[in-house]
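One chain, chain A, links the two complexes that follow: it is found with chain B in the first and with chain C in the second.
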Partner chain A sequence: MDKGKTILIIDDDVHIRRILEIKFKLGGYHTLSAKNGEEGLEIINNQKPDAVISDLNMPRLNGDKLCRLTDPIKKERPFLTIIITARINPVEQQWISEMTDTMFMEKPFSPSKVVDAIDQYFEKKAF
Partner chain B sequence: MKKTKLVILALFFFVIVGIVLIPYAQFKKETLKEVKRIKERGQSLVGMMSLSSTAHLESKSNNSFLRELSQNAANREIAYCIIQNDENKTVILFSPENIHEQVPDIIKNNSLFKYGLIIQDFSTSEGHKFIEFAKPVFKDGKRVSTVRLGLKVPNKNFFSFENYILPAQILFFILLALVLGYYWTLLIFKRLDRIKINDGSSLKDINSKNDIQGMIKNLEDYLSHMKNKMNTADSQQEKLESHLKLSQFENNKLFTVFNAFDFGIILIDGRDMVFFINTYFLDLLGKTHDDSIDYTVDEVIEHEDLKSFIQQQNLVEGHHDANGMEMRFEETNPEKFYRAFSSNITDAEGAVFVKLIMMENISKEKEAEKSQQDFVNHIAHELRTPLTNIKAYNEMMMDGEIKNAEMQKEFFNTINDETNRLAKLISSILELAETEIGQLAAKKDMVKTDWLLEGCIEAVEAVAKEKNMIIERKVPDNFPKISGDKEMLKSALINILGNAVKYSPENGTITFAIKETDQMVVFEINDTGYGIDDRDIPHIFEKFFRSENDQVLNESGSGLGLAITAEIIKIHDGVIEVQSELGKGSRFTITIPKGDLLIG
Partner chain C sequence: MKPTGFENILSGFSKISALKFEIWDEKGLVFCPDQGDPEKEASNPVQLSLSRMVTRIYKTQEFLYDEKENHVDLFGLPLFDNETIVGVLLAYASSPANAFRKRGPDVEDTKTLLTQIVDMIHERWEFQNESEMLVSELDRNYETLHLYSNVATQIKTLNLSNQMITRLMEEIRNNMRVDMAFSLMPDQPNYSKIVCKQELNIEDKTKFVDSLIKAIKSENKHLGPGYYIINNSLDSQTFSSIHQDRFRFLAVQIQHEIDVYGWLGIFSFNMDRIIERSQLKLLISIAEQIGVVISNTNLYHELEDFGIDIVKSLIATIEAKDLYTRGHSERVHYIAMLMARTFGMDKEKRNVLNWAALLHDVGKIGISETVLNKPGRLTDEEYTAIKKHPEKGAKIIKPLEYLAESIPGILHHHEHYNGKGYPSGLKGEKIPLNARIIAVADTFDAITSDRAYRKGRSYEKALEIINEVSGTQLDPEQVQIFNKIFNKLKTGLEMRHAE
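Showing the complex of A and B:
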């Protein structure tokens, strides 16, 4: 069942990108992938994904900077961002809470839960 | 003494003359006042009488006029009153004591024949004084009569009792002043007697003669004593000034020391005025000495955090937070972190007289804290990434979502690879922990370098072969020996050799050379790999550092290998150096002292 939504997966780890791609495709989503923040930002600007799953600790442009750069875009074109992080500290929780439509998920995460979160977001948005 | 007597006699004479002159002057004044009063009264009376016509007086009111006069006469003022017509014939005569008969002719003629108001005085043979007032009365432009009025001037005696009331009062007060003055002087001299002189004796002891001379002598002694005291006070003041200068000098010395401190100091007095601020603090606040000293704290400190810290400390007097307050100075030193502390300097009664604000640079502390935090974050990231993969791939397999056999194989391989990755990572972390413990964990032994060389090559050979790479050996005829932990040294060299294989393209060449000097053994590993970017070279030995070059990112790695190698070389008192050029390759040179070869 094609849900007609595109999910961008940004992670420097090839295996994480791969498993999420398979999981989202099975869930009826289209996927795009990037191996660092820089590539991810380019895809967000050019291909306008409906949701973004991003690692926090990445080369070139980390998840923190990527979120800050994409937050202004969300005012005109809202989309969900899920930050995947190995360890969340209060400082990170604080800035994530200040971002629009942004949530975090700690590693090791369950691919099913990531897909569930995305499903819920689109369901809410549909209402 | 003669002089004193003459002065006293002169004073006495002046007092007597004063006592006589004052009542005399008073008497004269009173007399003149009385004469003036009588003249005014006489003028008034004669003026009134002259208004009535003679005929009127003759006919109707003669009796009443006389009655009026007789009443005034009773006051002994009007001695007589005569009204004479134009023929100088007496029309009305009032003279109870017949004084009119004693009026000299010259007075009478002046009164009768002159015009206007005539005022003349005369004395009778008995010595009584009178004043005669005369005024002509006119009718139809013609003089019809003359009114003559005689008033008696009271005969006052200078030696009367009243005149002596005032001098008596003056005399009384002079005597009273003399008596009081005498006793007051006695009292003062008695107090002087009690003043102790340096040798412990009193002025009275020096001269106990209880008379004026004695008192004057006492006074002279006292003044001389006071002069001595003042001289002593002067000398004490000089001493104090000298102490003050010394203290100022000490202060300046102290302030010079404060200025040399590597932390900020502000001293604030009880009026909240800044009386000292060292150069360190001035630089931080961007102020100068002149626009800070003797200004209030509010005027000097514009930095919001510091201002609120000081206010907070003022509120909790005596119970200051030992942790201080962290702050930054964005305008003057934006990269550094600081912590403010405060302390109160109190006097013996516990009252605060100086507030001390200190500012310490805690950048290194913060850096270490951040580095520790980063390290923990990295470890978490590095450990949890393979763990996530294992969990995620396993979960999908367990849920039966992967039905394709090829894909299932891929999943199992990934789970296996990630488990190995995790195990390797845990080993690296443990190894790093061991090397960080340092010398304690190192098992020093005699290590043969040929054994090291072969062991390292053996570890990377398989991968090198896969990439069709050649590993060349450049070794001396006799392999040197070094003192060290053989496993640690092997691990260090494998990390470098492994990187050379990992970050080189296929068909590359690696040279592993061993050289020997008197004291040192040098290991040199050259590769024909991707090379290291100049900006990355200073960081390659940092934990978890990974270059952002694509060739590096395409290879898996924890960023711990070179950090572990650097620690191991450090433990062996060795040095590791790197030379590299992007696209051409790298050279790692490790120099290790041979050490005590008798060990083992």
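Showing the complex of A and C:
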């Protein structure tokens, strides 16, 4: 079932990109991928994905800078950002809670739970 | 048929070489270098011969070529995916002038080239298939890692709860893709939980699980160390009698050292899969962790109970010597705790007060019985000796680190609010809070109980006296609280007296 939504996956680890690509395709979504924050930002601006999954530690513009740069964009055209990171500390939890429509998941993460979170987000938006 | 990934190269070759390349499957044309005019395509006699070649290759599943009188103008090679033919690669002369001489080196060369192209396509498909399988496996591993990590984090809090067990069973059921997951712990029914797929064809789930466990006990053959697997219920008479449909089932014992606390189990009607080693290992790991937690919790409770029993023993030793204070420590404890609850003392502080109140007179062990039970007035010397009991008590409790915070309450329970008490002459708020509370309770009980030298006064009279010494001997705030609880206290004490 094609849900007609596009998810952007940003991670410097190719195997994580592949796992998420396949899981999302099976879930009926289209996917775009980026290897780092810079590429990711470009795709967000040009192709306007409906949700973004991103790692925190990446070369060339890491996850938290990306979030801060895209937060203003979200005010006009909201999209969900899920940050996936190893063990989150209270400082990071703090700035994440200040961003619009942003949530985090700790590694080792469950790929199905990421897809579930996206499904729920779109269901809620539909109402 | 899925794309070969070489469509662009084949288009390129088609443009520059004598051959045109096309790919067909059993349904018809899949790829050709230029889409061209559809009408023209259909009527083209070439298309007919291509179609026939495809049919022949699907039958023979090998390289074929069309021989005319003295030339060859059509070659074909089958494409396989997982050993099944899924399509045909065709190469044909783009014009009669380009036809090849029969059985010449050109035919052989063409066959070699086509074979190499097909090999590349096969290799690419193989890599893609492998890659997909690897990613799928990786995905499963990520889910399992997540589950392990989740369990470890929750169990680390050493706080098993019904919700935690429920969540754990649901995660296990999801992760292992089974119809039911359960935990069964007969001694802790709070931790026994069965979770299942919504439309599960089983009426009484609790009875069902019980019969599964019973069946294990009677079928000892497959019992590995602490676990039991059966991949097909029909293999066993006992199991097949539990449910008419076939099922597979795994149960792992929750144990630690020699104690067995119960079972964790998974169950499924889906016979397309079997119970895997990785599932067994995961379940064993979770069962082990739960076993450790239960064992530690039990140990902790046992130690707590032991500690309480030791204190009761200590109290009994005082009362063995001091005939007139039978039950005194318990009554002082009862009053002090009632007061503390009334002004909302928190749980940890109440625990400290609990011990201080019970043990406040433990120092009397060091006082001679004749002095303790003397019916007449005490001499100055005897009085000095008795006044030592708070210090002696503190000394006795000192080696018990766990009770360290209770010592101030024991040491200073005879201080007076106006500073005229003993042993240290502390005044007002400088007297530790627990000591001020115990002082009120102690005074009340002293007045109301029978002594060697006088009978006990009434509760009301005792209240009167306490109010009289508020501010001098006793802390006015604590006296106020005592007044508040007086009625409740009276009822409570009368009930205890009646028992």
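Convention: the second predicted complex is superposed on the first by the 127 of 127 C-alpha atoms of A that agree within 3 Å, B and C clash if a C-alpha of one lies under 4 Å from a C-alpha of the other, contacts with A are read in each partner's own complex, and residues count from 1 in each chain.
The criterion applied here is as follows: a contact is a pair of C-beta atoms (placed from the backbone, for glycine too) under 8 Å apart; a residue touches a chain by one contact, two chains touch by 3 or more.
Please read all numbers here as calculations on a predicted model, not as lab measurements.
Enquirer: With both complexes superposed on chain A, which partner does A:Ser112 reach: first (chain B), second (chain C), both or neither?
Expert: Both partners, chain B and chain C.
Enquirer: Between chain B and chain C, whom does A:Gln47 touch in the aligned arrangement: first, second, both, or neither?
Expert: neither
Enquirer: What is the contact status of A:Asp13 with respect to chain B (first) and chain C (second): first, second, both, or neither?
Expert: The answer is first: A:Asp13 touches chain B but not chain C.
Enquirer: Contacts for A:Arg87 in the overlay, against chain B (first) and chain C (second): which applies, first, second, both or neither?
Expert: In the superposition, A:Arg87 touches chain B alone.
Enquirer: Could you look at A:Gln120 and tell me whether it touches chain B, chain C, both or neither (first, second, both, neither)?
Expert: Touch status of A:Gln120: no partner.
Enquirer: Determine, for the superposed model, which of the two partners chain B and chain C contacts more residues of chain A.
Expert: Larger number of chain A residues touched: B.
Enquirer: Quick check on the superposed pair: does A:Ser97 touch chain B, chain C, both, or neither? Answer first, second, both or neither.
Expert: Neither partner.
Enquirer: Contact-wise, after the overlay, does A:Ile22 reach chain B, chain C, both or neither (first, second, both, neither)?
Expert: After superposition on chain A, A:Ile22 lies in contact with both partners, chain B and chain C.
Enquirer: Would you mind listing the overlap between the chain B footprint and the chain C footprint on chain A?
Expert: Common interface on chain A, chain B vs chain C: 15, 18-19, 22-23, 108-112.
Enquirer: In the complex, go through chain A and note every residue touching chain C.
Expert: 15, 18-19, 22-23, 108-113
Enquirer: Which residues of chain B touch chain A in their complex?
Expert: On the chain B side, the touching residues are 373, 376-378, 380-385, 387-393, 395-396, 399, 401-402, 407, 414, 417-418, 546, 548, 553.
Enquirer: Can you tell me which positions in chain A touch chain B when the two form their complex?
Expert: Going through chain A, the ones touching chain B are 12-13, 15-16, 18-20, 22-23, 26, 35-36, 57, 59-60, 85-87, 89, 106-112.
Enquirer: Mind pulling up the chain C residues that touch chain A in the complex?
Expert: Contacts found on chain C: 131-132, 135-136, 138-139, 142-143, 145-149, 174.
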